[in-house]
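Questions regarding the structure given below will be posed in turn.
Chain naming follows the written order as A, B, C and D, and within any one chain the residues start at number 1.
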Amino acid sequence: MAEINVGLIGQGFMGRSHSNAWGQVNRYCNPAINPVMHTVAGLPGEDVEGFAKRWGWQNPSTDWKATIANPEIGLVDIVTPNFMHMPPAVAALEAGKPVACEKPIAGTLSDARQMAKLAEEKGLPTFVWFNYRRAPAVAFAHKLIKSGELGRILHVRARYLQDWAGEDVPMAWRFKKELAGSGAHGDLNAHIVDITRFVAGVEVEEICGAYAETLVKQRKVLIGGTGAGISQDELIKAGANSGDTYEDVTVDDTVAFLVRYTNGAVGTYEAARQATGHKNDNTFEINGTKGSIRFSFERMNELEYYDARLPQGVQGWSTILCTNASSHPYVANYWPDGHLIGYEHCFISQALDICNVLGGKEAVVPLPSFNDAYQTQRVLEAALLAASEKRFVKMEEVY
Amino acid sequence: MAEINVGLIGQGFMGRSHSNAWGQVNRYCNPAINPVMHTVAGLPGEDVEGFAKRWGWQNPSTDWKATIANPEIGLVDIVTPNFMHMPPAVAALEAGKPVACEKPIAGTLSDARQMAKLAEEKGLPTFVWFNYRRAPAVAFAHKLIKSGELGRILHVRARYLQDWAGEDVPMAWRFKKELAGSGAHGDLNAHIVDITRFVAGVEVEEICGAYAETLVKQRKVLIGGTGAGISQDELIKAGANSGDTYEDVTVDDTVAFLVRYTNGAVGTYEAARQATGHKNDNTFEINGTKGSIRFSFERMNELEYYDARLPQGVQGWSTILCTNASSHPYVANYWPDGHLIGYEHCFISQALDICNVLGGKEAVVPLPSFNDAYQTQRVLEAALLAASEKRFVKMEEVY
Amino acid sequence: MAEINVGLIGQGFMGRSHSNAWGQVNRYCNPAINPVMHTVAGLPGEDVEGFAKRWGWQNPSTDWKATIANPEIGLVDIVTPNFMHMPPAVAALEAGKPVACEKPIAGTLSDARQMAKLAEEKGLPTFVWFNYRRAPAVAFAHKLIKSGELGRILHVRARYLQDWAGEDVPMAWRFKKELAGSGAHGDLNAHIVDITRFVAGVEVEEICGAYAETLVKQRKVLIGGTGAGISQDELIKAGANSGDTYEDVTVDDTVAFLVRYTNGAVGTYEAARQATGHKNDNTFEINGTKGSIRFSFERMNELEYYDARLPQGVQGWSTILCTNASSHPYVANYWPDGHLIGYEHCFISQALDICNVLGGKEAVVPLPSFNDAYQTQRVLEAALLAASEKRFVKMEEVY
Amino acid sequence: MAEINVGLIGQGFMGRSHSNAWGQVNRYCNPAINPVMHTVAGLPGEDVEGFAKRWGWQNPSTDWKATIANPEIGLVDIVTPNFMHMPPAVAALEAGKPVACEKPIAGTLSDARQMAKLAEEKGLPTFVWFNYRRAPAVAFAHKLIKSGELGRILHVRARYLQDWAGEDVPMAWRFKKELAGSGAHGDLNAHIVDITRFVAGVEVEEICGAYAETLVKQRKVLIGGTGAGISQDELIKAGANSGDTYEDVTVDDTVAFLVRYTNGAVGTYEAARQATGHKNDNTFEINGTKGSIRFSFERMNELEYYDARLPQGVQGWSTILCTNASSHPYVANYWPDGHLIGYEHCFISQALDICNVLGGKEAVVPLPSFNDAYQTQRVLEAALLAASEKRFVKMEEVY
């Protein structure tokens, strides 16, 4: 069986998801080419040895450049903080190696454009971890629409709502622009722009208005530490016991925008971090002339479907449990019907598709490339422009 | 028991809802003053005698001016087509009589402003039939928020989605601006602007963008008739059997807009007539710092509530069946716990509150006045302005 | 238009539902023969005049025998307490008049048998108010199964769960066998035996076990009154303020049983009054070889349907909003699509079907006769026999 | 870090779940003692080498006796077919080693009794893989009830419904008693008896009736093969293309029973394989005097909770997304709030608890022992006795 050596650049939360994926893909699946967990390159100060041992990487390293340069490495996978995506990605492309990179691919639109351009020039395969595309329900929705089952697409409604950033949560790095890069918009709207482009097959033509707000404008500064690495509950308790010093939040916590697509359909987008009651509600609804679908990541194994071609008396919103090996993408790799999969399986399935593409087979559903990620980032940039200039923005204004 | 004679101006679909309400309120409830179904004034060509007999009006009339002028009439209720609301409303106010009027109160913002002004000058009670306020779940939501249970309001999401206007539905009066006055915006967004002002207690400060679209731009002209009075199914079948002549639709079928409220919260609004799978989905969600609520008129007896003050482990979206006589507004008038009420009960409860106010008691929850309806109409006008001029609009621009 | 004079025997809660139905049926519907609210005969001590005035009965009476004997009366409708159903029913049948009677038709199985027999001998139409049959979703389910859409029926699951009888609720007439006749079994299981016979078209062959329990065995005696006519909340508060005297509850509060049907299918039934969280959860599920349906009266406008003949990938539980005038029974009489109806509309629709049958037309779906009610009561009796003798019971043992 | 060598006896579907668990527990969690995947002992004819390589077992073996006897092995884990559980379990216990065994622990009640007795005599820890106990929602429900939040338990309703065995599915080993050991009862009711004992803390006193039926009595015999190892879809297609020979199904496909518990509560149980629309619907509801809970494995990350102590107006069924690291058992080992886990995580969490117990720590929630599995099997046996003798059965009759 052919093999490819993977070099992982970075650790952290996403390093964990990716490591799990590279390990599990050979157990659950039969990829066209088997990934080998060759090297993980950590940042100075991280316990890269412990990480490598726990997750099964053969070689821990503290030199990402050497890792990328290592001729044994066939695929570079990048999970560093966002603003550090570009250097290793460029290095890998320059070295003629395919790259998989966490989303968003870059800290600025200009960086994203250069990365997409370089990938195109080099003719190398690039992959971005918009992992939600590979939830079986989402991949199935993509296939339904692509095969015309919903007819002409008229409406897209996408929201990504969370509630972890209540006003009692104290100041932390995520609320500082210089540390986090962006707020709810870059973190959440990025996902739903990608997912709606993917599922509904639509491209934005014009932003018809937007707001970008920071609803909780100040947060209490913790006495004795930044709160890094402790849970939200502990953070809130620590905040309650701290003094009365407040600092300004410098990222947005809610951004919404309206769009017109090139095909004449219209859409609404919203990201929020104080939408009380929503934990990870990456949700969309798409209405076509022949039917509609709805999805929420909080019930990621389900797709809701309304088929307007059925006899009128039995039309209704149908809750499809997308766990059927014969009918729903990726499921055959895991468990029998009615046995749920979770968040991590989206990553395993993306690892599978990456290996299949690198091994000469097709992905089950299209993988997002650097250019895809760049197009998505253009939409986000245009929405911010609309919000700040209080006017509509045509997509051609932003590149 | 004190009584008040009602004069109904108009018939049609809404005449039926109102007649039922005036008849039932004395059976189910004990209003402070009993309404008597004195006179219904129909338009020429309508079977006003048959209507009066069926619904229990004592006197059919074809002269609405005489009906309003009749000194026996104590309350004028108007259900004529929208563009015909103003003349009887003005006549009634000039005659010193309280008026109840269907929504929207006028065909133009200017008319609405004049009506509101006249009502204020005359110091007369006016009522607008934004009947959804009186669904027990909606009235309960209003009370919850007013008593502070949700904390500071941050987000409002309102949609009114229907799907009756698919592309196979042929041309009809509702698709002609000159006949219908407005499309989805006036018909549907009017309701959700009123309901969110009522429930969340918010007032719009700025429209942050909007689209107003006609997604189905042409419709087949029926051979042999306008399709008036036949069902949608029959209409579609008739369309299929007609020729190949098409006409332009001259009203919008979907309008969305974003807002910033005076209290710093933000909101999204959307109306659509081709949202496949939604029949009468008048729905809103409101997020506060302490909790959230959700409602859909398609499950009008239920309110969803998330209380973020509960112990974290048991926090969740709770489906409250709002049928408890001791706790939920209006329910004590109808049936025991767990026995649903329907669409018409919102009208009965509004008739009850109108009679109570006229009889010197308080309404269970506030009734919308002409001024309320005018303020709501200003928001709609501002949204259209934003859509047409492709920019943000401050509320003070529109009056 | 032909008319028939109705004589209502009794008042109370059910008198209210029936009066509303007889009044509304002429407004909403066009029955083959118009019911006239001729006479209501109350019991001594009831305010029959006030009741008649409020609900629109032309003549109040305190003599039920005279009412039945009155040659002007064409239909006798009985809403007296259960143990008082038989005398007026027999009197009406003897007088050659059709009878409508609340469920259960009699206090004992023997009485029910005699009443069914007399009705058959006289050849007169009889109707029992198992009103839930006429919820549009239930009637539609009946039609679906009858037309074979679910294939061979394999499983029936029926429950009627309420929670109003918690252990804090003090003693009241409903907990006394001599006053109430029966407990949860007679009150609740009666409904679900009828509804499953109606919807699934099944007849019980054998009771395969049962329990009949009184989970709250004693209740506090109220100081100063029986608690009649006050709400449950007030009752609980009154109980909390009363002394420490307890009395035995002498009716069951939960009864479950298992059955085998004559067609080889199997079923489970359960009634409970302390099923915390269920208000009026009259619910059933039916599984056939080609599909399944589910219903709960707490969402009476909806039917859940699973069609196993659809392509596997899109199979799911579909929530049908049964408000479509063209497709769902009875709906065309009321409101447009997506506008809910409530509890009372089941009674209006039953009044409509009764009038249609008496006027020579067909009911939309079959009306339950005295014999139907007797067959249902046989099943209940057999279940109690199984519970008390701790063995299985064949239906032929009970008659 | 202390380690323990695991010897896995058997492969198959469950071998896969267990192997995954033993591998992942060291990555996601920090058990008190680290499991080492030492040896997998396959049956003759199985590709044990391929299995070992894929899942990370250090040593493949075809001699289960030698594996158990190997002094390096510290824990024996058994996933052989049911009727082959006893020999390795006895061998391990005799060798003084702790045992983990798939459910049911034995093919007969007598075997189960002997195994439980031997475990007790040897004083060795035993574990049975009733893995559903460790879904976070289920473990949380157990804790809620144990801490008294639901008050006195009154009702238990448990069902395990599947639909994979429709009448078109041809004959296969699962339909043959001699090959499968049991049908729906042993397969499905075993789980829900364990789960309700665990969550509600109830013990059965009496079986109040039961049915055990084979609704699809004959199945088509495949031409050319037993259908082993092919999917249900392919099986159905193969069946459709086969001849007209049918064979008798010799196991039950639906079994229901009613119980009275020792604490006075009552319960209903049902297992079915033709409950169209249910894929893996392991579901229960428990009603207490202070609240209720509901769970379905098809939404395994959610628990529904009704708290009857809240103010009446806001009482409702609350859907708790059990993904909160601070509040819900096991979650802290996996992903952030709102990121779902799946079927396999129940096994990982059970492996974690087993390692913790063997390492001297406590399990998060109690692990089922051989004696637990024996008590559960007694209930199943008693239910079958009730069904066959058509009478109630006291638990003391069965041992």
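Here is the rule we use: contacts are C-beta pairs under 8 Å (C-beta built on N, C-alpha and C of every residue); 3 or more make two chains touch, one makes a residue touch a chain.
Treat the numbers as computed from the prediction; the structure is a model and nothing was measured.
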Chains contacting each of subunit A and subunit B, listed by label: C, D
Contact-richer chain pair (by C-beta pairs counted) among A-D and A-C: A-D
Label of the chain whose CA centroid is most distant from the centroid of subunit D: B
Euclidean distance of C-alpha centroids - subunit C vs subunit D, Å: 41
Rounded Å distance between subunit A and subunit D, as computed from the means of their C-alpha atoms: 35
Length of the line joining the C-alpha centres of subunit A and subunit C, rounded to whole Å: 54
Multi-partner residues of subunit D (each touching 2 or more other chains): 233, 312, 315, 317, 321, 326
Residues of subunit D touching subunit B in the complex: 140, 144, 303-305, 307, 311-321, 324, 326-328
Residues on subunit D engaged by subunit C in the complex (per definition of touch): 152, 154-155, 157, 159, 163, 166-167, 207-211, 213, 215, 233, 254, 256-258, 260, 264-266, 268, 270, 272, 274-277, 287-292, 306, 308, 312, 315, 317, 386-387, 390-392
Of subunit A, residues touching subunit D in the complex: 13, 20, 23, 26-27, 54-56, 162, 164, 231-233, 278-281, 297-301, 321, 323-326, 334-345
